[in-house]
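Below, subunit A partners subunit B and then partners subunit C, in two separate complexes.
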Partner chain A sequence: MSTHSSSHVHAKPAPVGGPLFNAVTLISGVLILTMAVILLVRFVYGLGSVTALNDGYPWGIWIAVDVVIGSAFACGGFSVAMLVYIFNKGEYHPLVRPALLASLLGYTLAGVGVIFDLGRWWNVWNMFWPGSVNPNSVMFEVAVCITAYIMVMWIEFAPTFFEKFGMDNAKRKLSKFMFAIIALGTLLPMMHQSSLGTLLVVMGEQVHPLWQTPTLPALYLLSAITMGYAVVLFESCLASAAYRRSIEMHLLTPLAKVMLGMLAAFLILRLGDLVVRGALPRAFGLSLEAVFFWLEMLCFIAPFFVIGSAANRRNPAKLFVAGILLMLGGALLRLNGFLIAYQPVIGVETSGVNFSYFPTLPELLVTVGMFAIEVFAYIVITRRFPVLPREEVKPA
Partner chain B sequence: MTTRRNFLRGALAATGAIVGAGSTASVQARETYSVPPEGLGLLYDATLCIGCKACVAACKEANNNPPEFSTVDKLWDTPLDTSGYTFNLIKMYRSGTMETKDAENNGYAFMKTSCMHCADPSCVSACPVSAMIKNPTNGIVEYNPDKCIGCRYCVAACPFGIPKYQYDSPTGEIGKCELCRHRHKDGHYSACAEVCPTGATLFGKTSVLLEEAKRRLALKPGSVTTYPRGHLRHGQLKALLGEPEGKGRMERTGWKDEPNQNYEGEVGNYQQHVYGEKEYGGTQVLKLSGVPFEKVGMPKLPPYSSAATSETIQHSLYGGLLMPIAVLGALTWVAKRNVKPEDEEGGQS
Partner chain C sequence: MAASIFEVDRESLSALEQRLQMPRREFLQFCATVAATLGLPAGAEAAVAKAVESAQRPSVIWLHFQECTGCSESLLRAEHPTIEKLILDVISLDYHETLMVAAGHQAEAARKDAMKAHKGKYVLVVEGAIPTKENGIYCKIGGHTAIDLLKECAADAAAVIAIGSCASWGGMPSTIPSLAGADSSPTGASGVAEVLGKPVVTIPGCPPNPYNFLATVVHFLTFGALPPVDKLGRPLFAYGRLIHESCERRAHFDAGRFAMQFGDEGHRKGYCLYKLGCKGPETYANCPTLGFNDVGESAWPVACGHPCIGCSEKGVGFQKPIHAVAKMLNVVPPTQYPRISEDVGKGASFASAAALAAIAGAAAGGAVMVAKNLGLSHQAAELEKAKDSKPKAEV
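Up next is the complex of A and B:
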């Protein structure tokens, strides 16, 4: 059959097992309940009752963090699937399922999270109603692609459930079309991850020149793929530690190299764009934007020092650190573009109007609650469903 | 303009290349739109404005908006900025001793804040569900709460900070000036222009208002001229210009009749700039000022709109779904080779 069928013998995925009630799931549960209460208040009394959103800052962390950053963190599934199925690197196959699970959860929550932020959520069907849609709108494209991708991912992940419940027939049938689903599952995130960057373009002058550029779609796409690999490094290390399993170093080491390659491409484009547009001087000076720009740059450049050498790439602790740095860098690129670099129009300066935004505690607790759902679901699913590679088969 | 175009092309080619179909990324540049010929708007002349705020009160009444308070005693409507409940506001510019009206230094001035009814509105391009649309005939940027999902992308997109969401309500709407389009069928025009005692706010066709603005800029500061009030019609403009009333120029009929409200006044010290003539491709609301526009809160904007840039990017990458389909085809072909049908979800081999 396929070229890699004989060369790679992988551990078959299996449930991790163990108790579902432990400190982590308990804390997650409490956080999820807290979130539910806050959301109840939000839906009864309006967005202003729990958030710090105001006339100058229409978007807060529920958009910038839960949706924009959240979905980028959820790019592991897409990044790894692309490596395995498109670039035919079959050796990475054991990473596909766990990464896909994290993506599935991340995206589904980002999709649901949008509803919390919509001021007139009961009208949301207009997003898919031919008489209402506006194909010129970047947000329309993002919304449709993300919705489609969530559905595609559930189909991609379905074999896990089929295996658990012994639905061999369904699994066999689905596997005939899996290639098409995987192709779609690679295209859709490319489309919306780039468009999440394009969202900022129409905001024109309101976005600081360090983050306002027509290269935004390319920058967001490249960084999302990079972050996808970073998340896989992070999550593999974490899952191994938490479940006391051996780390798949033979996979993570070469993966880290792929990640650095993507990162280099991103940095060349990012810096090249700043130079060509003449925006770089804006990074020198004492402003909040400049400080956050350098923080972002630091997180993107540091991984080269941490895992630049082949020896360091064989060190799990260093891979873990590099993964976190890159996730932070990508998160900062997005937080900066959507919040730090966003400058509200205040009109006449002497009229006494000044806008500022810092999330309220309830707003933060909702974001934390969303994360808690992810952790909770990841634990339940990996303990009960065949996701992680079976432990006793030690890969050569 | 060409360098901008070239840069856009480069930026798009980069994205196309990453997606793996660089050659199919054709830049379908979307030009910036201009004001429609029958476009309606306002002309606000800050040198005529006395800051009476009659227009603010009239706007509240016409749009059925509640008062908003910024003082402790809450005696009357005192909003500090436009909001989901305040669509029109007169803001004050203050400098030093505030001695001279319309002087940049040691002076003061007024500036109207309300929707500019852009020729190429960012809010319309942003709105995913066509709840913000630009009327193809009169160019009014209209809002439809029955479609609006409350995403507030229009709020973030507007270069003038105009649309605002009502955060205090579980069913909040977007609020912004719609030129009192709900009053047009009764022959009424924008309430702010209707009540303005000095003609600082005029209603009319943008093309007529632009000519009037240019007439004022050509006058000698300190000289005396005739100022119209209320609704400036084409015929009146011709009279002001001392030209014969052009025959065959039809005004939209149905506007209520008004007596001549012209008056004589002194010509102000104008900045030689009609704000809104070129900004973002033009706006249907035009402004004149004695103080530099940036000082009175009107942002410096390029002659091309960010909506055009955004849509050029979108349509080059996704126009007719050509590139996505091409990429999908390639991906499917590759995936078909690499995913084996009978293996466990593609890889257990």
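Up next is the complex of A and C:
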């Protein structure tokens, strides 16, 4: 990646090293195996054998969490790349590769996770077959865009593997058109992250007024970018705590400020929209939706109190907590729209059909397994491949 | 076919208004309807309009044989107020036993005159089967048998259209009686193509939808040729698909929801009539999409709760018992059906709620631990910094 400004000299990425077998990888491995067994049952006996999905709730946590929230969590790569390459903030470059790795894993798993949820998964190729596609469908846009982005990210991340295996020639050749790949890599997430919001727009009145708004695409995009920075804070703090490395506070502190700016923009749009549409009074009743709305708001507003002051932004513990809060807020925004504030049948009293959904244990274990794969792969790749910046040896 | 309907000359349209006593808007609507029925591309309505407004009215000779006049009736009783006006204006109906004023020798003379005047140009429409047993003595008009009349009129016709199931293959009169030893119909009723020994366009149905006939005639007017047909002579635009394919009750068939007897719960709920003997799966016609009587798509037998009897299909209509289950031609019923009762979800189970709580607890606990460690190391670093900076301050 020769595109970054030469005025910033960074430590080259290097493998962290260390054992691949430890308590975390072992636990992750067990969780992944559990997931594999459940998925085997799912693919042999069908969705009904392991999930609580029904005609009212055809989408459960495998879509709402694994795909929608999972891909939003995976926006770190996109958010940082945008900062570095579009706003030309080269100083953040050391954050790109680790963020990209997390994004790569998150998106790849989200893409694969869609197949788990497809009732007739063997028809999935129709999604890309020119004669079968419906170009007017939001889901088509999301499917094609996410697939394209996954491929783009693997190309973007390829230099890491080239470096590991000494394929300098390939790396040099790739670097010639890397700028185009990076451009695509910032464009595609903008398209599908907003389209994920559009998925809810087309559901109309089935989504509670606190979450149903024409601005959903913008809200989803803004919150995804914000969550991207939050994930970088979270991941950097966690990685340095786990690997006992020093934290790149000189990068994270200003990044946190950028994140707060994005968050403010998001909140202005979110609350402004609620006020303009006159939906805000719905938040002041005693209902499940209202409770979850305030939980979500709490997660979005609390970061201003946690890291609002410059002194607090220098404290990694506070950055870590703020990152988690923001990730939770973004996750709740999505979970609320897709499941909690989603009402399949309007007018339950008259129709007499009252659908309900709560994930089954196997469903939960598959979602946990997906996150376990991410942890497992992150550890293996960072320990063996040049992703994290080389630790500078400081004189004692 | 790039012409637009707006290019149709206004003056000729107003002349048409006078002639048909029909508002221009209704006329153009009619042209669009016919073009759509024929499955023609957008813009074709202009060609249709041009043809109808300007074409010389082709002479039509309409023969009636072994039938009930239901086809003529359906054409004339169309609810659309202007269809009969149009059909009588678009074509010059020179011989039609039910409609013409003339009688006896005068009527026959009209037929002969028309045949002579429009030799090789007139359209022959045949309604009813032709009895062939005993040299066709079972149906005579003016002393001539149906066979002779048909052959005489067809000889110089530009096109022959057999309207209704009887003219198409024999229809109801060709049904073999359920008598011991009977192996053919008493009169040997046959279709037009069989008697003439050459293929003709057939519009089967009992009665057929008037629009299918009208569209065929207008196609002839517009393009100078009859529309493409299948191997039984049926226009593909109308008989290209099975009733089963576009039936509004098809979803019930696929889901295994059937009416088992007339008036049962499934029948009242509008379930599929396949098990009551509906012949939709083996009958080619556009009844579900076109409907009858100009009142929309839901005016046809199946929509009214009666199974299709397959009236437009030789070997099905008037032959198979109405209650007999249809043979599936191109769709095999699934071996498994989805459940009819909907699963509405059970809510949280103890195990899943406990697991969710455990996951949340573990994540929260982990986060607190990491935050605590980060905080401690930060404190230590700050202290270190403070220590480092103190001696400097003293220097």
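Methods note: the second predicted complex is superposed on the first by the 378 of 396 C-alpha atoms of A that agree within 3 Å, B and C clash if a C-alpha of one lies under 4 Å from a C-alpha of the other, contacts with A are read in each partner's own complex, and residues count from 1 in each chain.
In the analysis below, a contact is a pair of C-beta atoms (placed from the backbone, for glycine too) under 8 Å apart; a residue touches a chain by one contact, two chains touch by 3 or more.
Keep in mind that what you see is a predicted model, and the values were worked out from it rather than measured.
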{"item": "Superposition on subunit A - do subunit B and subunit C clash or fit", "value": "clash"}
{"item": "Touched partner set for A:Ile307, first subunit B, second subunit C, both or neither", "value": "neither"}
{"item": "First (subunit B), second (subunit C), both or neither touched by A:Ala241", "value": "second"}
{"item": "Which of subunit B and subunit C A:Leu105 touches, first, second, both or neither", "value": "neither"}
{"item": "Touched partner set for A:Leu364, first subunit B, second subunit C, both or neither", "value": "second"}
{"item": "Subunit B versus subunit C, judged by how many residues of subunit A each one touches", "value": "B"}
{"item": "Which superposed partner A:Asn315 touches (first subunit B, second subunit C, both, neither)", "value": "second"}
{"item": "Touching partner for A:Gly56 - first (subunit B), second (subunit C), both, neither", "value": "both"}
{"item": "Partner chain(s) touched by A:Val353 [first = subunit B, second = subunit C, both, neither]", "value": "both"}
{"item": "Touching partner for A:Ile146 - first (subunit B), second (subunit C), both, neither", "value": "neither"}
{"item": "Where subunit C runs into subunit B (options 41-49, 167-175, 239-247 or 347-355)", "value": "239-247"}
{"item": "Common ground on subunit A, meaning residues reached by subunit C in one complex and by subunit B in the other", "value": "48, 54-56, 353"}
{"item": "Subunit A - residues contacting subunit B, complex", "value": "1-2, 4-6, 8-10, 12-13, 43-49, 51, 53-56, 58-59, 84-86, 88, 90, 93-94, 96-97, 117-121, 123-124, 126-127, 129, 132-134, 136-141, 143, 156, 159-160, 163, 171-172, 175-176, 178-180, 182-184, 186-187, 190-191, 194-195, 198-199, 201-206, 213-215, 217-218, 221-222, 269, 273, 276-277, 342, 344-353"}
{"item": "Subunit A to subunit C touching residues, read off their complex", "value": "48, 52, 54-57, 237-238, 241, 247, 314-318, 320-321, 324, 353-361, 363-365, 368"}
{"item": "Contact footprint of subunit A on subunit C as seen in their complex", "value": "342-349, 351-353, 355-356, 359, 367, 370-375, 377-378"}
{"item": "Residues on subunit B engaged by subunit A in the complex (per definition of touch)", "value": "7-8, 11-12, 14-15, 18-19, 80-84, 91-95, 111, 113, 122, 125-131, 145-153, 155-161, 164-173, 295-297, 299, 301, 305-307, 309-311, 313-315, 317-318, 324, 327-328, 331-332, 334-349"}
